[in-house]
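The first chain written gets the first letter, and so on, giving A, B, C, D and E; residue counts start at 1 in each chain.
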Amino acid sequence: MPPQMLTFFVIVPVLIAVFLYVFFTLKIARVIAIAVQAAFMVPAAWLLFATQESEIAVTVGDYEGFLGIILRADLLAAVFVCLTVFIFLVVGIYTVQTPYDRTKRLYLFLIFLLEGALIGLFLTRDFFNIFVLVEVSTVVVTILLMYDRERRNLFAGMTFLMVNIIVMQLYLFGLGYIYMLTGVMDMEAASAVLYTMDDRSLALPYALIMTSIASKCSLLPMLTWLPKVNSLTGSRFTIAAIMSGLHIKAGVYLFIRFQDVFGGMGTDFFLVIGIITAVAGVIMALSQTDVRLLLAYSTIAQVGLIITGLSLGDGYSRVGSLFHIVNHSLFKVALFLCASQITYLYHTKDIRKIRGALRQTPLIAAANIMAILGIIGAPLFNGSISKYFLMSGATGATEWIIILINLGTILAFVKYAAIFFGKPLGKVRTEGGDEPDFNRRAVVLGLGIICLALGIGGAQAMDFLFDAPVSLSFWSYLEKVGIFAASVAIGILIYRYAISKREFLPKLNGLSLSFQQICVSIGAFFAVLVIYIGVF
Amino acid sequence: MSVQEIVSFIIMGIGIAFMLVGIIGMFQPKKDFYYRLLVACKIDTIGLLTIGIGLAIRHGFSFFTGKIILIIIIIMVLNPLVAHIIAQAAYRSGYVSICKDGDSFDH
Amino acid sequence: MYIVLAIMLGLLVPYGIRVAIGPSVWDRLLGMNLIACKIIIIIIIFASVSEMTFLMDFAILYAVSGFIGTIFIALFLSERDRRKGQEDKE
Amino acid sequence: MTVGDIHVLEIFPILVFFISFFGLIISRNIVKAIVLIMLMQTSVILFWLGLGARLGNIPPIFQDATEVYDPNTIADPLPQALMLTAIIIGIAVTAINITLLNALFRKYQTVDWQPMQDLATVDERPES
Amino acid sequence: MAIALTTEILLVFWVVNAIWIVFAKKTYRVMIFFGVFSLITSVIYLFLGAPDVAMAEAGISAFATIFFIVCIEKYYSRGSGLKAEMASAAKPRNYFKLVAAFAFVAMLCGLFIFFVPTTTEYAYTELRDLYLFQFMRDVGGRNAVTAIYLGYRVYDTLFEALLLVTAVVAVIHLSWFDRTIVADGRHSEVERSRMTKFAMRIVCPIILLFGMYLVMNGHISAGGGFLGGLAFALFLVCRFMVLGVYDLPIEKAMKLEELVFINIIILPIFAIFTGFIYFYGYATEMFQNIYLIAMNFLVGLKVAFGFFVLFYRYIAIERLPDKEEVVEAFDDGED
């Protein structure tokens, strides 16, 4: 396929979205949607193989030099594109059976638009194009979050939209300075010029852009509103899965790209921010009772961990965190989809009310347990491989902190795992409608097995995905297994005595910032970042 | 400075003089809103007309003059309309004129 | 020609004061309308001074959009007091 | 044209950006918050156009193919093209914002931040 | 030199206007100051040598004012809104929070200005000169700005057009009212005097003609697809002022907008992405002009339909009294 095909990676989902919305009736549209999603896996796989050796670059419209917009697909971008297409396929298969009144053509229109925007975001290397694509994905996600008319959380949706607009204005301001300094809009050309400049004059654009990207991945100060929005707003589990699985990953991908462009100026600042976010995410996750909020805050914790891994500066930890991004998307989507089915059966979203799920729905519970083992880093699962490499770069204090964070994650999911044991309390609802049918169980089980498979074949997967020849020394892995076993034991002990009895930090449960406080926190983050870069 | 220039300067001078005088009407202490609206509407429409014609003469018969005339037509239609709508809205919404009857219109 | 431009700019100041002070909201609306007209005159003079004829296109669109903005504020402002008047009567 | 060593076309947008940021922090009324967000967008757009017009400000429009232009008085077309897109994005997002505010006003009969947030958190607390 | 002076004076007035907006107490004052603010910014863009952006800003400010006013009007008509506003305006602001916020923002601003990269002149102008030198050969037309956003960066314009389509869909889906059709032919209760009808009848054809002019030679002089679309939408606003009846169907307009949007994607695919026109020996002046005029026309239509739907949606449906609207609840299914 000629390199010009890169543009069609992005244009095809958008075209299909509009075609489905305008021309087809609902029945045909849904069939076409699933067929297209499945067919889309083939070019994505081709892209992965094509970019193994060299990078594919194409200027939209074949204008020479940096006049036009340049799309580049290197291996990292290809991995993210494959991940996006795979997760949209999984979610598509999951929702294939939903009754007709719930997935109208508008829902398909928005899902395909989001897919097109995310793929566009992963492929493009043009500054302003990133701004436009992030705005498109923000608007589409806002509509999706408030899709169901009667369970619509208007206030959180509007705050989400307003905060995102302000953040993107900061990004545009920083972009203005980069254009003033480098005079070019493309990343490769700009980074060549930016390397020659000293930190002092780059402090402002770096701080502005990094503030907007930090709030995209909801790092520390802007932490509390993203999970509240992507899970609590009555949005469906599938949308919450896409939000946690992919939308935050786009923010992390931009973080990686801009760190490369700026030559890694503020790495140890983001190391500290990553650790604080992970710790805060874990504590908040522990204090939640609603299933979706617990999973959302654990996403924040894992993103914090990834940012720490990325800014450790060590080759192994970087590859480890990249692999952790892929793993995290997989088991987070599995967790959300399992939670959707279990909460439907138990007719409540409160963890304290669900008990005995293992006996009630063995298949879904088994898949859920596989996903939980993945996220806490159990020996044979993919979580352990990525966390192992992620920690390999850490030394001394950071290593202990990361072990602490893992312990926190284990604690959170031990609390979550309580829903499987004990005798079932509530009346289980199994009559018609959205009940978890064969399709959904198959999807969830498939995801669980993939987590297991990636765990076993971890080293080969990392070599193929990130062409980083990694040697997994048996003894150090055994040591990690020891640490894992110890922390699980501690986790269960703490849970048995400390958490299960009385509420753990109840007041953290409903913590939510007002719009003014969010603005102040963005301003504070920007100030601290500028002072750090400018002075040190 | 050809004759054309001088004529256009004279006309524009008249327009500007008119506007400067109009300013005084705007800041009358005793008068209320309706009086100011009347004065303002006159200032704008006539001001644009005179300066427009001045420029048209300066440019003689050209593409530019055609556009100026188009602008003048639009403003001549729209400006009184907006003044009318503001006055109607103010009156309908119960803005009472502080001047006594006929007081503000005699001089 | 620049003198005329300078005078027009000078004339903006009293209208700005009218918008700022204006006892009633209607005076402010009047000030807004005046500033819109004054700016159109500035644009016309600027276009003739710098010999760029396409600025006149801008002046036309500018005039229409400025007036429509004022019209809609005035229309819905009158709704406000009339309804307030009605509620006080009930 | 430069205040200190920063170009005047850079100082004013920064001032209005932070004035509207200050307004956002202290304003109680959501309608004013949306207006201030539009102010922010306008100041960023003016900052970009200031970049383009740093050298000269003759619009980059030529009468015929062979017209020779004076390189240090013509404005830069790239920021203008980008800002045309940014304006349309701004109005599209603001239209959605206003629709949400309209719906919120119908639901909670108020347009101020604090009362609406209290009512909203009451409605959306997860059923405990 | 005079232009620089004019710009600085207008910029000072611009900043003063922003301060008024922040400290205005009543919402209506905010609206009027915002109107003046947009008018001033539009002229400043013009003096910075950007007529396209100036026109876009002017047109957009008209529509922004309409959207805000429709939103505020409901707040005031309820009476409680006005009383609440009077009460809150009367209540003295608590000065401690005000001073603290001001100190925080002043610190941020000082920090910002302290760290502004002080490169004296425009560092790199090669890209600009390359654009100005080559755009006539590569994309055609005389207007460099149109050449960039329809030729070089058409990929951006596609997503921006997509965003407008999504915004229209969002406004209809997220609004409080589930209905999309106002009783056709219903007269709007906005009173219009005979003089308004008479004056608007004269202005309407001029604006329509002007819109067509803007679209047709957008690539030669200042103007282009967006501005033509804005002019068409302004024509529709004037038409509403004349007739004052909600007769144009919103549903059909949305469908048309999507159809036009599909063409906006397909046309560049054949013209630019695959390089069909430019690299198989057809890159003649005629083809380039055809492509530019067609793209301008399509973008103009899309923007016109988009703003048409937004305007009618706001004027007709967002102003409905609450009682008319019954939102039927879905069953509490979960997928």
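In this section, a residue touches a chain if its C-beta (ideal position, glycine included) is under 8 Å from a C-beta of that chain, and two chains touch if they have at least 3 such contacts.
This structure is a prediction, so every number in the text was calculated from the model and none was measured.
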Common touching chains of chain E and chain A: D
For chain D, the least number of touch steps when starting out from chain A: 1
Per Cα centroids, the chain farthest from chain C: A
Furthest chain, CA centroid comparison against chain D: B
Chain pair, D-E or B-C, that carries the greater number of C-beta contacts: D-E
Approximate Å spacing (C-alpha centroids) for the pair chain B, chain C: 12
CA centroid of chain B to CA centroid of chain E, Å: 30
Inter-centroid spacing, chain E versus chain C (mean Cα positions, whole Å): 19
Interface hub residues of chain B, defined as touching at least two other chains: 70, 74, 78, 81, 85, 88, 92
Contacts with two or more other chains, residues of chain E listed in rising order: 3, 31, 38, 47, 51, 70, 72, 104-105, 108, 112, 116, 118, 122, 125, 127-128, 131, 153, 156, 160, 163, 166-167, 170, 174, 191, 203, 206, 221-222
Multi-partner residues of chain C (each touching 2 or more other chains): 29, 50, 53-54, 57, 60, 64, 70-71, 75, 77, 80
Touching residues on chain C, where the partner in the complex is chain B: 4, 7, 11, 14-15, 18, 23-24, 26-27, 29-30, 33-34, 37-38, 40-41, 44-45, 47-48, 53, 56-57, 59-60, 63-64, 67, 70-71, 74-75, 77-78, 80-82, 85
Residues of chain E touching chain D in the complex: 3-4, 7-8, 11, 14-15, 18-19, 21-22, 24, 27, 30-31, 34, 37-38, 41, 44-45, 47-53, 56-57, 60, 63-64, 67-68, 70-72, 74-75, 78, 80-81, 84, 88, 93, 97-98, 101-102, 104-106, 108-109, 112-113, 116, 118, 120-122, 125, 127-129, 131-132, 135-136, 142-145, 147-149, 153, 156-157, 160, 163-164, 166-167, 170-171, 174-176, 221-222, 226, 303, 310, 318, 322
Contact footprint of chain A on chain E as seen in their complex: 104-105, 107-108, 111-112, 114-119, 122-128, 130-131, 134, 138, 151-156, 158-160, 162-163, 165-167, 169-170, 173-174, 178, 255, 258-259, 261-262, 265-266, 269, 272-275, 278-279, 327, 329-335
Footprint of chain E on chain A - complex, ascending: 4, 7-8, 11, 14-15, 18-19, 21-22, 60-63, 65-69, 94-95, 98-99, 101-103, 106, 109-110, 113, 117, 120, 128-129, 132-133, 135-136, 139-140, 142-143, 146-152, 157, 177, 180-185, 193, 200-205, 207, 236-238, 340, 343-344, 433-434, 520, 523, 526-527, 530-531, 534
Complex contacts: residues of chain D adjacent to chain A: 17, 21, 24-26, 30, 33-34, 37, 40-41, 44, 47-48, 51, 78-79, 82, 85-86, 89, 92-93, 96-97, 100-101, 103-104, 107, 113-114, 116-117, 120-121, 123-128
